[in-house]
Amino acid sequence: MTDWKDEVEEIVFEGKIAVPYTWTVGSTLSKWYGELRDNAKIWGNRCPSCAKVFVPPKIKCNDCYKDLNDWVMLPGTGTVETYTVVHYEEPKLHPRKAPFVYGVIKMDGADTGMVHLIDEVEPEKVKVGMRVEAVLAEEREGNIMDIKYFRPIA
Amino acid sequence: MGIYKDKRKITHTPDGYELMTLESGPVEYDFNWHLGAYWSKFLAEMRDNKRFVGVKCPACDRVFIPPREVCGRCYTAMDEWVEVGEEGELQGFTVVRFPYIDPNTGGLMQVPYTGIWVTLDGADTRMMHFCDEHDESKLDVGMRLRAVWEDEPRPTSIHAVRYFEVI
Amino acid sequence: MERVAVIGVGQTRYEQGKRETFPELVFEVATKALEDAGIDITRIDNIVSVSSDFWDGRTISSMAIQDAAGAYGKDITTVEGDGTFGVLYGMMRILSGSFGVTLVVSHHKGTESSMNGITNTSFDPLVERKLGLDAVSSAALQARRYMSKYGVLEEQFALVPVKNHGNAKRNPLAMLPMDITVEDVMNSPVLATPLKKLDCSPVTDGACALVLAADREAKKLTTPAKRVWLKGVGHCTDAYRLGDRDLADTRALKKAANKAYEMAGVGPADIDLAEVYDAFSYMELMWLEGLGFCDDGMAAGDMERGLFDFDGKMPVNASGGRLSANPVQVAGLASVAECVLQLRGEAGDRQVEGAGTALAHGINGMCGQSHCVWVLGK
Amino acid sequence: MGNRVGVIGVGQTHHASRRLDASGVELIAEAVTRALDDAELTIDQIDAVVIGNMDHFENINYVDMWATDGLGSFMKPVFKVTTGGTTGTTVGMCGYYHAASGLFDVVLAVGWEKNSESDTQAAIATCANPVLERDPFAGAIGPLATEYSMYMKAYGATEEDAALVAVRDRNNALNNPYAHNRMECTVEDVMNSPMLSYPIKFLDMCPRSDGACAVILASEEKAKRLCPRPAWIHASVVRHDYTHFGDLEWQWMPTLERGSAVAYKIAGITDPLKQFDVAELYLPASTTGVKWMDSLWFCDKGGAPELIRKNTFGMDGVLPINPSGGVISTNPIGATALIRIGEAAWQIMGKAGDRQVPDVNKALVTGFGGCSWSDIMILGADLP
């Protein structure tokens, strides 16, 4: 519009939103994490109507909107459906330094996949269709990192 | 309606699992907000010249603090700068005694603090700031206040004014 | 059902490091859209803003811009998500009979926030979030799945940025006009395999506004040349968890697109140009299939044959697409704006000759969980 | 012109300061399941879904995507709207426009919040301009306290008048099994509760809750077929004025005054006190239950204290307000205003249980939020 805008010092304000959260895990996932933490077991749950098995367990079936009270113990093995080797660094987010591998693992005994880390293999050797198994953390706290990662089945 | 189970008090699932919570730990999202010409000038004038400047609407003549480009009511762009006083009238206040998390840091806010709404002399809108008086019985709407400037170097923020004091 | 027209368009240039504040951007585009429509703010009887509390770093992100959107004394509401959804709400409010002229406005400043941290919050804090996933790494999972399901190659993904950055050279509003080759894309730094830097859209600032009007109002306020009709729309959501989906399956988009086509009474063959969501190169290929322009797995071949080039059978992202400028919430609104300009014949150097029917597409969520598809026509 | 639209089903959670048994998505599923039960529908009969909350309260981006399992929205159209305190009415209105547009017949509208998951005051502070206003912003209580101070000075209203409103709402909540705070309460209790910001005391103010609410709306033809007594939407109006808190005209509540005037005109209301049978109002503090009665045209300016003292708005009064216990008894923020719509609909449908007002034909609903903006809805038993 006029000159003053060109003369004004351009200020960039460095701000934050820094608010910690305490999330409620809820009935379905408390049971899942309880089993994972205390009994070192990975469970799924099954729809009474369409028999689909979900892992991580779901609150309701996608298709049928039915409660899923029928729990199924899973062997913790599966097949890599897709993966990516991450090469960029994001220290505030990433659980480790790049390069590392994320995968979607189609779990044996379930109809869905789990997203997790794939390790104990050179990143470039990960392949779609590779058979993998869950490696649990020694110290488990009741969250997704109780599964340390998936590794190839020897 | 009475058929639904009230689960407000329970601590375990029906099959005995402990209901958990999950702590995020410190979470921080960083922003670099450009302040644009109006807010930049406002803060720079406070920092460098210890004065408040607002903008005047060419249609309704109201003087806005903090300044901004548009008069919402007239939907007109504003371009005329007006200096307003460093004294003004107390229009509202809250003495905050209950600590809460400061979203700027993730730590606790320092309490007590008094958040105020002050209409600076010559302005038609109120500015939000602090008052050093934390006893609400000593504050009343309509009281005169004066800005107490921070020592140099003053920050490029509203904290260029330390607080307002009762005259 | 009454028809709804777009009668005004306003956009900023899309670029990085804009000096203007959110309200200043909004005032700029709202003013331009009103001028384009040839009306003043008093003719606007309601406003739909589109913004995100996460990207703006502010609870109730719309609060910052209401004065600038002319909301004083008016009915205003806020859609959080892609701009295509904002247009949908603007249209619904008119079709309800409650309103006649709607201003839809969106702003986004990607350079002021951190994309990866913010898209990480799209993942469930109870499960996947702790793994550190974000928009790029999850898209990479989808890209790999698409490759392995249909045998698509990385070099074929690269055709998309080559085409779109080239298109951007004809668009003065686009941020990244570039002459690049498939080799350039292949040699750009790897972010998350198979995605490289040039497969991904840039962080962008910008704003866009549209004026929508009911048939009766549009005819009163504007000449026929300014009117472009919103002919069909559909939106649909897939499952949330990545593992609950076949990431290469475009079922939600298919459902949304079919609904839009049905409502407009057209099919994919009737579309003269399309603005398709291409925040990542491979997505344009997948979504072209979901939109019915190619059979599943065939988009790469059609891309190689130049069907979607600017001078091809059906130009896709003639604007340069999101690969050339991706102001997240604004993106879908900008896509609709581009279609409007094309259909009016006001698209300048990038004008697609004889454009009579256009398609705009936007998504919400990770890996295209939710889609909104528009069909527009003269 | 668009379709007429009715509410045909309502569901809400049992609200509490913390619902440890239910994650956010489980809370949503609880409300949705109950709404489907209430309307005797299955999820297949829902054509579209609308959801809203406040992002920074739970730190979920794309809530509409995240909540899919709870919403039952898989392979359905989903829409997210959010406007702060008014989010609930914004969601309800968005559901209304979905059905009124003719694009969708049966629409599920869901509002929710888990305020236990973060420091609500911190999250609210982020709604102020982060550079110019966030630091001294002590929440909505400052403006509310100031406006009531001014109102007391101007019209002789008292702190006890506000306490009467608090007592009314809090005791009404005893009849509502879903309410968060259910406590018998006297004027003395309110007057003796800790001062938050003069003249607003602890028991004058709303709590923060975990909760969700789901409302099912349907276009005329469907509503008639699916529901014996739908609660028809007669008016849906929003009014805003300013962006900056400092611009607000505290001596009155212009958005509520203007918005309700427009809504009354649309719905043919000329004497609101007589024509409404019940009201569910978003009163964030009991003081607003006094002052804003003027703005709703129940009386001339300054007439509210007398109406309050005459028990005009009690359960046995001329126009019962907040039989549910209102916002000061239950406040899961993104759901709060939708609960107003749901409760008003139940009153019309005759499903309000122990808090039912007899023979409700017309109900008034309001939402409040952001920079003192107002949402108004009017519901009726008769077709509009």
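As written, the chains take the letters A, B, C and D, and residue 1 is the first residue of each chain.
In this text, contacts are C-beta pairs under 8 Å (C-beta built on N, C-alpha and C of every residue); 3 or more make two chains touch, one makes a residue touch a chain.
Since this is a predicted model, take the numbers as computed values, not measurements.
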item	value
Smallest number of contact steps required from subunit B to reach subunit C	1
Centroid spacing, where centroids are CA-atom means, of subunit A and subunit B in whole angstrom	39
Centroid spacing, where centroids are CA-atom means, of subunit C and subunit D in whole angstrom	34
Approximate Å spacing (C-alpha centroids) for the pair subunit A, subunit C	29
Sequence positions of subunit B contacting 2 or more other chains	13, 19, 21-22, 24, 27, 29-35, 37, 39, 43, 68, 72-73, 77, 101-104, 157
Junction residues of subunit A, two or more chains touched	10, 13, 15, 17, 19-27, 29, 58, 62, 92, 143
Touching two or more other chains - residues of subunit D	19-23, 56, 58-59, 68-69, 74, 119, 122-123, 126, 129-131, 241-244
Touch-based graph of the chains, sorted into line, ring, star, complete or other	complete
Subunit D to subunit C touching residues, read off their complex	1-3, 23, 54-62, 64-69, 73-84, 90, 93-94, 96-98, 100-103, 123-124, 126-127, 129-130, 236-244, 258, 369-371
Residues of subunit C that touch subunit B when the two form their complex	17-21, 23-24, 27, 41, 54, 57, 66-68, 70-73, 109, 111-114, 117-118, 125-126
Touching residues on subunit A, where the partner in the complex is subunit D	13, 15, 17, 19-29, 58-60, 62-63, 65
Contact set on subunit D toward subunit B in their complex	14, 16, 19-22, 34, 59, 119, 121-123, 125-126, 128-139, 141-143, 145-146, 149-150, 177, 195, 197-198, 241-247, 250, 351, 353
Touch list for subunit B against partner subunit D, complex	1-2, 4, 6-8, 10-11, 13, 19, 21, 24, 27, 31, 33, 35, 39, 42-43, 64-66, 68, 72-73, 91-96, 98, 100-104, 113, 115-117, 125-130, 136, 141, 157-159
